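Read through the structure below, which is laid out as structure tokens, and then see the notes.
Note that the chains are named A, B, C and D in the order they appear, and that numbering of residues resets to 1 at the start of each chain.
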Amino acid sequence: MYSFKNDYSEGAHPSILKALMETNMEQEDGYGEDKYCEKAIKLLKGKLECDDVDIHMFCGGTQTNLTSISAFLRPHEAVISANTGHVLVHETGAIEATGHKVISMLVDDGKLKPKHIKMALDEHNDEHMVKPKMVYISNPTEIGTIYKKQELKDLSDFCNKNEIILYMDGARLGSALCSKENDIEISDLPKLTDAFYIGGTKNGALMGEALVLCNDSLKEDFRYHIKQKGGLLAKGRVIGIQFLELFKDDIYFELAKHANGMAEMLKIGITNCGHKFLIDSYTNQIFPIIPNKIIEKLEEKYSFIVWQKIDEGNSAIRLVTSWATRDDMVKAFIEDLGLLERI
Amino acid sequence: MYSFKNDYSEGAHPSILKALMETNMEQEDGYGEDKYCEKAIKLLKGKLECDDVDIHMFCGGTQTNLTSISAFLRPHEAVISANTGHVLVHETGAIEATGHKVISMLVDDGKLKPKHIKMALDEHNDEHMVKPKMVYISNPTEIGTIYKKQELKDLSDFCNKNEIILYMDGARLGSALCSKENDIEISDLPKLTDAFYIGGTKNGALMGEALVLCNDSLKEDFRYHIKQKGGLLAKGRVIGIQFLELFKDDIYFELAKHANGMAEMLKIGITNCGHKFLIDSYTNQIFPIIPNKIIEKLEEKYSFIVWQKIDEGNSAIRLVTSWATRDDMVKAFIEDLGLLERI
Amino acid sequence: MYSFKNDYSEGAHPSILKALMETNMEQEDGYGEDKYCEKAIKLLKGKLECDDVDIHMFCGGTQTNLTSISAFLRPHEAVISANTGHVLVHETGAIEATGHKVISMLVDDGKLKPKHIKMALDEHNDEHMVKPKMVYISNPTEIGTIYKKQELKDLSDFCNKNEIILYMDGARLGSALCSKENDIEISDLPKLTDAFYIGGTKNGALMGEALVLCNDSLKEDFRYHIKQKGGLLAKGRVIGIQFLELFKDDIYFELAKHANGMAEMLKIGITNCGHKFLIDSYTNQIFPIIPNKIIEKLEEKYSFIVWQKIDEGNSAIRLVTSWATRDDMVKAFIEDLGLLERI
Amino acid sequence: MYSFKNDYSEGAHPSILKALMETNMEQEDGYGEDKYCEKAIKLLKGKLECDDVDIHMFCGGTQTNLTSISAFLRPHEAVISANTGHVLVHETGAIEATGHKVISMLVDDGKLKPKHIKMALDEHNDEHMVKPKMVYISNPTEIGTIYKKQELKDLSDFCNKNEIILYMDGARLGSALCSKENDIEISDLPKLTDAFYIGGTKNGALMGEALVLCNDSLKEDFRYHIKQKGGLLAKGRVIGIQFLELFKDDIYFELAKHANGMAEMLKIGITNCGHKFLIDSYTNQIFPIIPNKIIEKLEEKYSFIVWQKIDEGNSAIRLVTSWATRDDMVKAFIEDLGLLERI
């Protein structure tokens, strides 16, 4: 059984484990105040071409999102999300548990645009309703689409003008930035967002997300919030070392390119077999529409998620590739799909 | 500079890193549903001699405490803690952030006893005050003392009779169970507490705490709470593998014994130098009272925390040993202390 | 300027003020433990033909809703609401501020039906999403429609079978129960819901809502929750006296009948002028569709809310009548509308 | 049975009920946007000799406290209270339920002084602990003592210098300001505090507290918070009318003087009977120490709270007087006490 279920099925890139081993017996300060976190942060600031940001290390995406949103907003303020947004649907009410409403806006491609924000602002116009104060986007989105630079710029301008905080969930940021459709540089992000995070867990780390606070007004006392929400890892070095490894020779981008490449190989193969896709994505998630009978057969050898019913006979499935996806297994999948077609 | 500041200065026991490497490229399910978590849980149940518990893996102690307390209590219910308790003082209001008051009871040795619980219950007697519903203890306590079996039994009986949940924070549980003063077996804990956790971070893991839910009424839907509070690690295997390594050959206890042994060596040496201690502890934390002038000199070569002012000329310092503490450095510390005395 | 904006524009029914005056200098216990609350509760239990309920007095609807929902649910549990629901839209995130998600279900007539609950349950099927545990309905709904007995019974049966709490917001319960389309008795409610409240503020009281807890599992420690959320009025007598007055001679129902009657008079008059309605409601809220030009003229003499744009030339307005609405003003409104038509 | 249990046993000052009646059938806007609230706010600003404050009406003290503290603080910030403080002990964890820790400081006379605040600041010095950001005092305190102007000034200066918000709970503010020991004017309060409230419930209103926001940084969006916490009364006029009545001819102060006078009469009478007091208070609460045998007898005719055990034979009781306390009953109490002495 080979898994295309997600991008966190394997452990970590071997160079990370090697670095953990080599530094293992050094004594370091706790709670992210060690020299590896310090070095990793310095390195990331270089990649971002921006010294004027604060960077904090987290263990996971939900932790990063809930800590940020809770720290950024006053009690009556709410965050706007696309109807597919992770914070809206797949975090067990983590944001609401910190007291804030997530306002859902219906979009067709996973992407929030200024018109959606305007609509939310227009609808929430007095103190009997929450006050929309923050926009949550992820890049890529939950359905694998990415923001083009102009789209992000338009959103950023609209948010600035309306004093709305723009936050980007980058759980799969590597995949977005390495997509062949992408025209955004990582160094654009401090200019275009108020805060964003660089996801490690889904791109080769054991665990780890690096939150980047760009807007000065969001920086104060931030470590208090991480501690309060349980996210301040005693051995913070473990995350620092990982980001150091991922970025010192730009492995981070290589791993993402590999993942995207494997997805594209799948896409071409599946297209050649005559199948269409639910969404036209260029990242490490693809959503082919496959006859149910063939899905059943594929499930005998591969694991993946059946994403959505299309009609009586067909469903969209989600295939996720990663830094660790083996190209022989991608080829095997395509071959098996081809054989099943002919039956 | 050698550190006696805490027990999380180094990385992990080497066998853990080895196991992470050996299993690295295997594909596993996410969020703690992998086979290593499964095996670790089975192994722990064996050690606990109890199959009727639920075990969940966490990344850190504050995360474990806040998720548990928030899951166990209704909104108007509060948790009772000793005035030195970690949840009361050192978690940045993490418990209050989930909506619950922590009631502080003044104790002299870090340990809550039935009389303290009774006092809290007597004082909170109507709906204008919170309802005490849970007792938080840690073993060892924040100041290194441990519960004797009879003390724990008395507390357990009192809590049972009054329908109070008894929860034990085991961040340093290994050190307590391996103390030469200890008479509690790890297999006693499911009988004597409603929930407790086995701390890995401070006893040789990169990170990881294993929460054990003993009381059936606390088990339902628990994974929802972990997810909501941001504690469900995508690559849960990382914690599962660590607990497997720590317990399969009882390394966990060996490491704790080493830490305690190093503390005792320090204690004997410091006593021989003629110093007294703030508290008579038998775990991996000791609190000698040292003249300030000598403390200043020691700080040139060793790092540790100055815990408490005793009088104008003397302070108690905290020395913490760990699984990784080197005995040559312990000897060096004692020797240096002896030399400083003679000046 | 005469107002059809809402049903809380005037003070209280005169008999209430009279009773407040007559009892004014009596000494009573505080916090709802006075004899008037006691009498009012006894009286209400009689009307409900059910002794096995707990009744608590509140000052307002949002307070009642947030206290109930927060007391009923565990942290990971969520409440299902129609997309028009008051708790979803018009309480400034009061429910989320207590930590709970409100799940929105799109309905066409303001009413949740079993199929909507089923859909919510089907969509929320693992611990990465909140757990739907409660259904919030209001009767009448936000758009003036009411539940028929069979509809409520079906919903109640479905909730029971699925261990879902059914809660009815009765801010305008009098208007629903006195609607000519209604076939529910107030004494049906303890059998068909787990909790509901009888709204006083919008039916002749200065302020006051009586929360009825029907399901035993929701009753324990409830006064703690009222106090914690700031809803325990020191002079609880003020609400007790009002409910006593409203129910001792069934004034409550008379006032609601008057309000409904005034709405019907408006409806007939407006229909006769040739206008249609957005929704076919039989309570004290009606939503006629009027040409914008006429709306502008009406606004010179009457205040009301422009509810929704219909097309370029027409909008739906909301007219609300109450226990205090004067029939001469209703007639005047119709007359003015008729005159404006002819221009 | 005559009650000295509290100052909210009776209804409201008759002129309030009269005003409610006279204005009853006028149509007013809801939610505190009526002309009576507007007039009352203007009147209060005049009394405060300060136009640059925002004033909001609430139904009760706990509601006012929890809404304010929750609105003022960020999640990691905490409020400092005396160990006797109402928010610490007697609000069922209302503050913690909004996510904030209340830090308790041990004081001997109910009053926080700069040294206590300094101690709290010194103890909370990094991100592993909450950040003290607000000081909660009440005037008079829970035990009937009052702040002298210089004490309040010192506290205010210390808070300003340390960027701490100073908040005064004025549930019994009238009694403090009319105490014969008082040297504070109501118009001093906007200069000396960041926010405070003028309590109506305990000084002749049916219910009602007027929150005064003095510091500009606390004013923004405040109505959102009132609504979210359930405190925005639909018929806000009811509170506006009451404050208008209480302040238009300074009845508020007359009522407080009466209450204080009755307490002093009791004090003199009890002193003459040879009894001492637990605390030397000059407001409407006194705490005489009485032999238990006599207390038992008194309880046959008077209700009051037994406050604290003094020794085997004696207890302190709390006697509270109010705007409605009858002097014949005060005399009767003293006479009865005198008679009981002689037995």
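The rule we apply is simple: a residue touches a chain if its C-beta (ideal position, glycine included) is under 8 Å from a C-beta of that chain, and two chains touch if they have at least 3 such contacts.
Predicted model only: the values in this text are computed from it and were never measured.
The minimal number of chain-to-chain contact steps leading from chain B to chain C is 1. Chain centres here are C-alpha means, and the one lying farthest from chain C is B.
For the pair chain A and chain C, the distance between C-alpha centroids works out to 43 Å.
In whole angstrom, the spacing between the mean C-alpha positions of chain A and chain B is 34. For chain B, residues that reach two or more other chains under the stated contact definition are 75-76, 91-93, 97-99, 127-128, 130, 224, 227-228, 232.
Put simply, chain B touches chain A in their complex at residues 2-3, 5-6, 8-12, 14, 17, 20-21, 23-30, 59-67, 91-94, 97-98, 201-202, 206-207, 224, 227-235, 237-238, 324. On the chain A side of its complex with chain C, the touching residues are 75-76, 78, 89-93, 96-102, 104, 127-130.
Those residues of chain C lying in contact with chain B across their complex are 70-71, 74-76, 98-99, 127-128, 130-131, 221, 223-228, 232.
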